[in-house]
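The following pair of complexes shares a single chain, subunit A, combined with subunit B in the former and subunit C in the latter.
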Partner chain A sequence: MSALQEIVDVTPVEATPKKYIALGGYASVAVLVLLIAAPLFAKNFIIFQMTMWLIYAIAVLALNILTGGSGQFSLGQSAFYAVGAYTSAILMEHFNVNYALTLPIAGVICFAFGYVFGQPALRLSGVYLALATFALATAMPQLLKLGYFEHWTGGVQGLVVTKPDAPFGLPMSQDMWLYYFTLVISIMIYVFSVNLLKSRSGRAMMAIRDNEIAASAMGVDVALYKTLAFGISAGITGVAGGLGAIAVQFVAPDSYTIQLAIALFLGMVVGGVGWLPGSLAGSAFIVFVPNIAESVSKGLSGAVFGAILIVIIFVLPHGARQIAYLSQHWINKLIHK
Partner chain B sequence: MELLTNQILAGIATGAIYACMALAVVMIYQAIDHLNFAQGEMAMFSTFIAWQLMQWGVPYWWAFLATLALSFAGGVIIERALFKPLANAPILTHVAGFIALFAIINSVAGLTWDFTIKQFPTPFGSSPFLGSQLISTHQAGMIGVTLVLLLLLYFFFQFTRVGLAMRAAATLPESARLVGINTSWMVALGWGMAAAIGSIAGMLIAPVVFLEPNMMGGVLIYGFAAAVLGGLTSPFGAVVGGFLVGIFENLAGTYIPGVGNELKLPIALALIITVLVVKPNGLFGRAIVKRV
Partner chain C sequence: MLAVHDVSVVFGGIIALNGVSFDMQQGQILGLIGPNGAGKTTLFNCLSRLYQPSKGDILLDGESILTRPPHRIAEIGIGRTFQNVALFPNLTVLDNVRVGTHSRTNSDIISDSLRLPWVRNGEAALNKRVDEILGYLDLRDVAHTTVAGLPFGTQKRVELARALAAQPKILLLDEPAGGLNHEEVYVLGDLIRRIRDDRGVTVLLVEHHMGLVMSIADHVVALNFGRKLAEGTPAQVQADPDVIKAYLGSKDS
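Up next is the complex of A and B:
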């Protein structure tokens, strides 16, 4: 009886894809070519926005691994993002570490942080886990403001980060160099994530997502894989945070509030839970739609944003994934005719 | 010792706000099985309606009743128009819908009534209650209303046919449908009731925190925390949770060195999570046993 009582309120994340988590070969190449070519035709500010788009896509992807992969829900991603950003900023400004080298360090620190946080989170699920992660997200800006760390974090003022130049005298602007740098890292993380979810560990996580009891009966170490998912998700988010700090050239506690976590969550839903390429679509939503809403109406920008969001979830309850499936379906029909 | 009792009294006074909000949160959780992130904004909007009515010269209690009715209708309409079509969508899509609703209500209220702080009247007066400087008659009235509301809800859920039908529809929708309960309308009814309770909470809180479009942000967070602490399945737990959170928060602010107003919230939340790790269903929540 007591064993049964342990299993409470397991809210399954429904409608997550069972088989397809990545794009096919041709589609991947097409997207990649677009991503490489696009900045050649854009102004510096647009390139900066595209860089932020890629960075948020990495963070959305990380949440997707956690929620779409292992079925755990998190509103605390902004905390991991903040830790990553501060790690990079502090290493660059106080220790003069090369910006590229700060990213793996940020990733490792955030992995450890996520793994440790995943331990108590093991006992919680559903809304209870949402509240715990939410607490983390609200606490983080306050902790960063604390006087004890002010020497390192700069307190409320934050830290200014120098923007890196293109190396080897390459003839491109700082923004463009940063875009390609981010693109390379995004591709590395994407390939890693797809392979992770296709591997033995990924299958174990998805088994836990679909049915925890069945998974543990099959010999999956539930505790290990759940905390591992938290760690990996936090680690990737940390790398995104580090990149974000370098791109924005500034870190301050109030950039990493719960609103960032909510935005990342919306990005995941709009992109399609559990479908990794959807992270790009979801991230485009959180970077560009607020601007569109602002340009439609200044006073009612929140209402316009909400209305757009509602239209999207009405038309596409499963996010961008639905478009991908539909188009794939039509292409197959055309070919086989 | 006097400091301790004073802080506990002050905690109970703020706790009444959280308890009120938590009660609304639990209400809707029982009806639809989700946490509604837009609950606070719905309450804020209702409070603005009451304020507007009073500006037009309607007496307090008539405005109160009219707001209650309008909020109920509003809750039902939101459910019918927005969430009924999404009934089969994944849970996370619903959460995104709540966030959209939040953004819309907040922005519309901001445009209609702007962001300046407004006074909201209290029916109980604001003189000291029973000679105590810490609890005003308004706060005492708020505690009283919360307790009466709790009692009414208890009777509604335990002893009326509709209350029973609502409980059935929330716990086992399929079986409820088989015995002839219109589960879809029960959900709408739950939304309406939650909106009405939220509006009461809003009108009671507004004299304390002042009326403005963002007034519910902090309160809702504490309301959620209180509801989760007490156990999301128990209205009684929600009220107890609300008072406990209020007391925790005040004591942490007083006795832990280095905790200013800024750190009160994280500490209260950390404490709640500690409680949850020991009792994952909250203090009074029912453990739902799952059949394998």
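Up next is the complex of A and C:
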């Protein structure tokens, strides 16, 4: 953070703490207007992609709370995403639960799962924790394929999920309805997350990230807040997974491999660790840049993607946050001239 | 008020503390001195519950603190600062001090994320208290600065502010003068005395800087090789032949 401040050369007093994790008022409104207006001018397939963009943004945000907020690494987010997706799919297809209702259930189940997984993770930190979560991510697809659960999960075949229509006879396509539905949930999750990180609980988590012993001396129950952070992160990822299942209309074990977890991790870094609005930028990177890479070269799309990634990391080591700081700085300069 | 009773700490075969006892009175500034390796920091870490004594007990107002986990120490009124400053470097001064109030406030993650009215009221009350402390320690100008970029002397004040935010009955200061120049040590001494007088906080001062201890402490405990060497007023301890031999050296006085 301090290095970042040197780069943008702002007087430190100007920067208020809330801008460290959220966007200012004008910027938020601008982004919101863009998000609401965009699908009105897009084709259904583009709208579907934008929905996936929002869904991954939720998952990146969840990881951001864990890593940026409480300082714990996770390469296991794909497992939580998978549990959320299967929860929604199974509830919808086997129990005929309304799709909107499956999301909070997926969230609660994943919260519990993350909270429990956070217990053993307490003994690990840094790269070792990353490895433990990595193990979770590699185990999950196989667990989902187990014959024992096949009646529910559909085994290797997976489950087909029915796409919901717009309610109340609203004149919009399924894709557009799902986009706005996802947008509302994204906004709710974003607002709750910003509130959380700015609150007593959020401060406790960030205190743990910065110095565990000092946090404990201030009365912060380090174990409790670390596992809570895991639970919250998993719960939000689970909601994203549930939304993903509804949007894609299909869940299968191999959609939720370690590759997804790494993509989410990438999205967090590109967006800026600890800066929640960056989740949207990071998610855009993991959803759209592979397409761009493919349009450059079909055979070497992976290499092109890698090259783009390296350039971005060189130019913007602090991710999208850096762009935000720089533009804020320039706008301030323009205004004060 | 705080009673250290026959405390011993053994690491492997090394006896770091050997049956140390002393009492602290309400409103006192107690200086804990001793040469390097005397056991000052070990004792300090027992008080802040980072180490578990192998023998003896530590009582606050007659109740043992040794059954409490480290994070339940702040709530009974024991606050501390760290030897080389242990702040939360990426948080602002304001947020650092707010974390200090953690043991005096309540919330849960659901109310916090919904920002329920009672959470908002709590935060408002907390901000008022934090602002008062920032003003008291002259930190208002840097309230929104991240701590990492601040000068060392200011960081020490932030740490004091954070400790005070928990409304401690006893403040444990681990070598507060370390890294400060002559002028700053003098100012710090004044500040510690002011905190005691204004806020009725009892202070335990672990310090190398003899000048500081002797000028502000009411009572001094000297340790050497894990044992209590002497105890009394600064003048008494300074005159004690064992202390002179162990710590001040024989040629100075």
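FYI, the second predicted complex is superposed on the first by the 318 of 337 C-alpha atoms of A that agree within 3 Å, B and C clash if a C-alpha of one lies under 4 Å from a C-alpha of the other, contacts with A are read in each partner's own complex, and residues count from 1 in each chain.
Operating definition for what follows: a residue touches a chain if its C-beta (ideal position, glycine included) is under 8 Å from a C-beta of that chain, and two chains touch if they have at least 3 such contacts.
Being a predicted model, the structure only gives us computed values, none of them experimental.
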item: Partner chain in contact with A:N195 - subunit B first, subunit C second, else both or neither; value: second
item: Which superposed partner A:L183 touches (first subunit B, second subunit C, both, neither); value: neither
item: Touching partner for A:L54 - first (subunit B), second (subunit C), both, neither; value: neither
item: Touching partner for A:I65 - first (subunit B), second (subunit C), both, neither; value: neither
item: Which of subunit B and subunit C A:R203 touches, first, second, both or neither; value: second
item: Touched partner set for A:I213, first subunit B, second subunit C, both or neither; value: both
item: Partner chain in contact with A:L103 - subunit B first, subunit C second, else both or neither; value: neither
item: Per-residue contact with subunit A, leading partner among subunit C and subunit B; value: B
item: Residues on subunit A lying within both footprints (that of subunit B and that of subunit C); value: 5, 13, 15, 213
item: Sites on subunit A touched by subunit C in the complex; value: 1-2, 5, 12-13, 15-17, 192-193, 195-196, 199-204, 206-207, 209-211, 213-222, 228, 232, 274
item: Residue ranges of subunit A in contact with subunit B within the complex; value: 4-5, 7-11, 13-15, 67, 73, 120, 123-125, 127-128, 130-132, 134-135, 138-139, 142-143, 145, 213, 262, 265-266, 268-270, 273, 299-307, 309-310, 313-314, 317-318
item: Residues of subunit B touching subunit A in the complex; value: 35, 82, 85-86, 88-93, 95-97, 99-104, 106-108, 110-111, 221, 224-225, 228, 232, 262-263, 265-266, 269-270, 272-273, 276-277, 280-281, 287-290, 292
item: Contacting residues of subunit C [partner subunit A, same complex]; value: 48, 50, 70-75, 79-80, 82, 86-92, 94-95, 98-100, 102-105, 107-109, 112-115, 119, 122-123, 141-142, 144-146, 148-149, 162, 166
